[in-house]
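Next, two complexes with chain A in common: one pairs it with chain B, the other with chain C.
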Partner chain A sequence: MLESKEVTKVFGRKTAVDHISLKLDPGHIYAMLGPNGSGKTTWMKMAAGLIKPTSGEIWYNGHPLEINSRREIAYMSTEPYFYNWMRVSDVGKYYQDFFSDFSMDRYKELLDRMELTGDLKTRSLSSGMMAKLKIAVTMARDARVIMLDEPLNGIDLLARDQIMTSIVETVSSDRVLLISSHLVEELETVADYAVFIRQGHLADFRELEELRMTEGISVADKYRQIYGAGGEYHE
Partner chain B sequence: MKYTTSTPIYMQVADSVKEKIVTGEISPGEKLPSGRDLALAYTINPNTAARVYQILEQEQVSFTKRGLGTFVTEDPERIRLLRSEMAEQLLDQFINGIERLGITKEEAIDMIKEKEG
Partner chain C sequence: MNKLIKYEFRKSLFPKLVILAATAVVEIVYLVGVFGEYENPTFAGILGLVFAAVAGLTYIGIESIVTLYRDLTTKQSYMLFMTPNSSYKILGAKALENGLSILLAGLFFGGLAYFDLDLLEKERSTFALIKEQLENMLQSIDSRLSFSTATFLILLFMLLCSLIGRIVIGYLAVVLTCTVLSGKKGAAFISLLVYIAISILIGFLMDKIPAMDSINSSLLIQSCIYLGISIVFYVITGWLMDKKLSV
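So, the complex of A and B:
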């Protein structure tokens, strides 16, 4: 469904993404893992059609990604993206204007689940509430590809559970879900594939139950193998 | 549910469902949740949930009625067998652990009796 063909992105002298090739099929949840700064966000933005690769191509349903296919791809970025005068209900209306696949009913259902109400002002939301709002507004779209960039950053256990439930609920046989995280353990049970990114490269691509069955190791163990015992700061 | 992340998740969830059947929390013949609901209840991937039902069906612990869903076996003999299979598993784990401590089976039996008494 979504294919990255030798995709490379260079910013000045820094190669953020270096010849990444991978194929994402519908019906699955992919965990995109790697330390901060490894190139996950840059790759996702290219896959969402928000920035252009320096070389290589993103293909969607057998064609190079074009403006039209962007409509079927939802990307939740890490940056805050609501005007601070907005109430939670305004955020829904704003999205409805922008995206034809946005469902107000689904949005309300998700807000309910996340224990958010329409009258809340976005500027008064805690970081956990803001994280939940971003998920709700992204998941209320009926997109074929949903990419969530670090959805679990800075949230508490209960918010995490609510977000996980929404993620599992959104899986369907005609949809790709990709979630990036540097918190490996969080995605251990819900993802079925892991994409390991290291310094802009695709370091490994594994089916998780297969990994547990054949090697008897967890995703976290694999992560340590790839990035070294020092983890995040290992070069 | 707390998982051991280095062993397949589908096996752990299958064991949990089996335990509920053996303890009677789920009755013989009872309808099991849909794959999606199982995934939600256990916070697992829906593909993993589908695999749980595949394995339960293969082991004849559950069966599928076309268009109606997955049901627990109605065969009391199968459930009795399930109980002894699970007991066997626990015993193996126990014996493994106790042998590693250098305690013989006889000593272990005495310890169990003392614990009861």
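So, the complex of A and C:
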């Protein structure tokens, strides 16, 4: 469904993503793991069509990514990106105006669950409330590919449970769910596959069940193996 | 496209309301002068309205370029570029919204000027003097200009086309900064130089257009050239965004 073919992105002298090839199939939840600056966000932004690769291509449903792919690919950035003048209700209206797969009912349901109201101004939201709003508006889309970049950042433990429930609810056999996070243990409970990114390279791509069966280790253990005991990359 | 235009309008609503409020204040000063038969407030009102019209129209154009810059350099860019709209459509919506806003603002200021001058004619005998001064002012720009409604309207149309052309070149400068010059030292300065160079070149080409007997025909030809320039630079800018832009 979503395929990265030797994708590279160079910013000035820094290679953020270096020849990454991987294929994401529908019906699975993928955890994209790696420390800060490893290239996860850059790859996701390329898959969302926000950043152009320096070389290589990303294909969606057998074709190179194009404008119309955005109709079926939902991306949630880790940074806030709504217009300053917007209220929570305006964000929903905006998505409804541009995405035919957006459900206002589902959005309202998710807002209720996240304890957000439509009259709140987005510029006055706390980081936790903003994170919930981004999740609500993204998950209210019935997109074929959903990519969530650090969805649990700035969110307390109880709210994390609500968010993980909302995420798991959207799993279906025709959808790809890709989640990046530093919170490896949180993702271990929901993900089927782990994509390890290290310094722009694909360090490993493993099915979690197979990892447990063949190596007898958890994702967190594998993470430590790849990036070092402290979770940081070591040469 | 309509939805993109709607949100472009919403983004620039606040500055437009400020211009409207400032215009309302000077209009009140003018009306107090006319009805109270005070000379100073009348002339202060006229000057204020002329300034509000010129500054307002110019600001609406500049605001559009600033909004594009903000839309390309902040995280708000995701709001535009996550949607299934091509760069040409996004840029086209910006240009159309801005052109429409300038046109509506022009009609608003033109209508207000007509109303105020009509009022002055009825209330005061000084109108003939003001009309004569307007005539002199127009003829100082071009000896073929006279205070005829048709010429006045065509002149406004030409100015609108010229402003749209300059705004589209401004879009190109912004997009150059964010694409081929992105991350390079002095990118904004180089883009400004490109903007100035293109503007000078267009001015040079416009001067080469042979003068015609009819001022209306000359103005219409200039309008068409400005529109053509706008289309050419719109296509170049859209292509750059489509091929090179990362937000």
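General remarks:
Operating definition for what follows: the second predicted complex is superposed on the first by the 231 of 235 C-alpha atoms of A that agree within 3 Å, B and C clash if a C-alpha of one lies under 4 Å from a C-alpha of the other, contacts with A are read in each partner's own complex, and residues count from 1 in each chain.
Here is the rule we use: contacts are C-beta pairs under 8 Å (C-beta built on N, C-alpha and C of every residue); 3 or more make two chains touch, one makes a residue touch a chain.
As the structure is a prediction and not an experimental result, all values here were calculated from the model.
Chain B and chain C, once both complexes are superposed via chain A, fit side by side. Looking at the shared chain after the overlay, A:D161 reaches chain B, while chain C stays out of its contact range.
Judged by the touch definition given at the top, the superposed model places A:F98 against chain C, while chain B stays out of reach.
Using the contact criterion defined above for the overlaid structures, shared-chain residue A:I29 touches chain B, although it does not reach chain C. Look at A:T189: by the touch rule set out above, it reaches chain B but stays clear of chain C.
By the document's definition of touching, of the two partners only chain C reaches A:P80; chain B does not. In the superposition on chain A, A:G62 makes contact with neither chain B nor chain C. Between chain B and chain C, the smallest C-alpha to C-alpha distance in the superposed model amounts to 27 Å.
Overlap of the chain B and chain C interfaces on chain A comprises no residues. Residues of chain C that touch chain A in their complex: 3, 6-7, 10-11, 13-14, 75-79, 81-86, 183, 243-247. Across the complex, chain A meets chain B through its residues 27-29, 161, 164-165, 168-169, 171, 185, 188-192, 208-209, 212-213, 216-221. Those residues of chain B whose C-beta lies close enough to touch chain A in the complex are 3, 5-10, 36, 39-40, 42-48, 51. Against chain C, in their complex, chain A makes its touches with residues 11-12, 45, 48-52, 67-71, 75, 77, 79-83, 85, 94, 97-99.
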